[in-house]
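Next, two complexes with chain A in common: one pairs it with chain B, the other with chain C.
Moving on, here comes the complex of A and B:
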């Protein structure tokens, strides 16, 4: 009896989650598809985005993401490897760093936005620019990236490290050839989480990469991200709802696309490594 | 041990290199004389972006970057010099005595009911009670014995903000029957429902009523709801959309403000459902306009 009730509850929970998700997707698809066209993807916004397209906004979004990942991935991998493989786990510094990372991962994005606005735009005088936005996002996703990578590395059985040492492998070789490939799925998951959070970000970007919907010419130009564009169209532009749905659909397609290719890449890479081993 | 300190040195060097490469000298902007940064009110930002694009087309080589973030930020950025021009969707406050406000357009809203509604006027207090749900039937106000359909705007719309501010209401206090997105939707709803009351941008309402849509614009405080009464600043449910500068504008800033106040951007202002002010009125009110009531 109790078993039945329990499994029923679990089924109900799963159904509710699924329904909510499909409702959301269906809503965006139904309202967004009529707005979507080749012209929408390939032209500049007109009349505050009510007409025209989103090309400069897609380009800005991509550039912001490239800057953010370009900075966060090396730093994140490095930080995680240090935490997992080099740091003395009993030391005070280690626990302080871990605690700081957990705290940073939970900080609301608007706080990162204000920090980016004060530090990158103001103190470093980068102004409203794709660079400021990307760097702010990098700060934001760094804690997630480090913690997931670290967790992945921690899953590697300790025997492997000992075996590596016994074989006389350099620590560097061990990390690059054994530990990182083994934890690739975890790293990919962290990367995808970060990308998701970065592309969904509005609050932090309004204050850093800005609102300008012109085609960016360099990283020091201000550029509007898709999330900011959607927010502006639905909140501030009278009659912008249709274009907002179109942009939301574009954003979803981009995120799904990145998800697929990242998963595929990590699988291919992992297979190669495993086969060689 | 030696290895660890070597790594510390290395990471310090890396950090220094990163910070240096980010430093202003390497990323300095080219010609600052041809570049304007405008920040502030999210209500004004879409309009100002369009004005900026037209300005850039007419003055090749210039760049006008419009940023958003709210009126308070526009004021703060104009004050600190982070922006050349701030945007504020409200009149000047007395604490902002040192700043100069340049009115570009006006934003007014009209309370609308169906044309077949027998009532021709409502007091502010009556409207307030209708929107809180304390008055739920037209009979109480002298109309027919029918329930009132309250049409409210979705969160975030500037008209909602202005309406709530004027009526001294919080959005949570409004007992809305229908929540709508834009002006067209509000006008259609009220035109199709004889018992509805709503509010929309005055420009859109007057335009539609003029084309025979069955809606009626209610006067506020004895002043007829029309674009004209907003223009000559007699209509109470209105606010100025301002550009804010710290000093008397010179050079490109002056050029841009003059352009934003000129007749050549009136189509853009109307397209965003705001009320354009004829250039000579701006001159009469002086450049520091916007000091309302």
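Moving on, here comes the complex of A and C:
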């Protein structure tokens, strides 16, 4: 009896979640598809985005993402490998770093935005620029990236570390040839989570990369991200709803596309590197 | 019962075996003196002294948790990986003190292969499992690589079973095959010693038998130190046996000697109780 009630509750919960999610997607699709056209994707916004398209905004978003990932991925991987494979896990420093990372991962993005504004825009005199925005996002996703990658490495059985050491192998060889390829799915998942957070970010970007909607000419130009564009259209621009839905659809398509290709890449790479079974 | 008396190490050197296999030379390969191991200040193994003879099979027997595996992992310095472990005493291996800091640990571990309780092939193809250590130790020539890999697989009797599927995953092999692959992976580096930590305990009886036969064939060419809970196995394959026991929660070497006499006429009452099955 209790089992039945319990499973019914679980089913209900799952259904509610699924319905909400479908509703959200359907809403964006229904309202967004009419706005979507080649012209929308390939032209500059006019009249504060009520008309025209989103090309400069897509370009800015891509540039911000490239800067953020370009900085965060190497640092994140390096940090995670150090934490998982080299750090003395019984030391105080280790637990302090882990705790700090967990706390940073939970800090609201607006705090990162203010930090970015004070540090990158102000102190480093980068101004409102794509560089400032990308670097701020890098700071924001770094803790998530490090912790997921570290968790992925921690999942790898210790047997292989012992096997490698007993064969007189360098730790580096083992990490590159066995541990990283084996934990590639977990690392990819962490990366996708970070990309998701980065593309969805609004608060941190308004303060750092600004909201100029012209085509950026360099990384030191201000650039408006898609999420900022959606926020601006729906909050500040009367009659911008249609374009907002169109931009939201574009954002969703981009994120799905990145997810798909990242998973494919990691699978292909994994197939080549390790043979699970 | 008599108060148990720890092995008093005055007669470390036992000399060659007069009866039995030809493999034994009366040359100590390892000379271990007053070896103690502790974790975070808690002593787990104390004052072990014994000689391990070249080309012989030495079995380490005793109940779980009496320090046999700790002892084994000190011999190739794999104990370095365990934080908080402290080792004191002396181990001379091929004329070198291996517990000093300035020893080349990678070279040591290349010369002393180790086989673990649970087979641990890398999640790579069968071929790459053997290729990785080879490349790591500087064998670049593809032809030599292929030759060595075939030799190693032949020496563990695996070649005929896997030669058609060298590119398939090592994890798809059976437990016994995986363990033999791990032994091949250690042998490919041409070590002089093999340390085995209960290599058969995770295997089914048939695989276990195959691996045991193989270990016997390796004797003579390699010095083998094997931890085993299977007394019958120790009796079948070992030339020497060392019996460990916990005393006041510290592992100690109680008796060390030639395998046959240690089982048939043990000197210590604890050994007698253990090998007869009355204790442990």
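Keep this in mind: the second predicted complex is superposed on the first by the 274 of 277 C-alpha atoms of A that agree within 3 Å, B and C clash if a C-alpha of one lies under 4 Å from a C-alpha of the other, contacts with A are read in each partner's own complex, and residues count from 1 in each chain.
Keep this in mind: a contact is a pair of C-beta atoms (placed from the backbone, for glycine too) under 8 Å apart; a residue touches a chain by one contact, two chains touch by 3 or more.
A quick note: this is a predicted structure, and the numbers were derived from the prediction, not measured.
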First, second, both or neither for A:122, with chain B first and chain C second: first
Touched partner set for A:165, first chain B, second chain C, both or neither: second
Touching partner for A:212 - first (chain B), second (chain C), both, neither: first
Touched partner set for A:93, first chain B, second chain C, both or neither: neither
Contacts of A:238 with chain B and chain C, given as first, second, both or neither: first
Chain B versus chain C as contact partner of A:2, first or second or both or neither: neither
First (chain B), second (chain C), both or neither touched by A:131: first
Residues of chain A that lie at the interface with chain B and also at the interface with chain C: none
Residues of chain A defined as touching chain B within the complex: 47-49, 120, 122, 124-128, 131, 135, 206-207, 210-214, 220, 222, 232, 234-239, 241
Parts of chain C lying in touch with chain A, wherever the complex brings them together: 76, 78, 81, 83-84, 105-110, 113-114, 116, 118, 120-125, 128, 132-133, 136-137, 167-172, 182, 185-186, 189
Residues of chain A defined as touching chain C within the complex: 88-90, 157, 159-170, 173, 177-178, 182, 273-277
Footprint of chain A on chain B - complex, ascending: 19, 22-24, 27, 29, 37, 42-43, 45-47, 49-50, 53, 65-69, 82, 155-158, 181-184, 201, 271-273
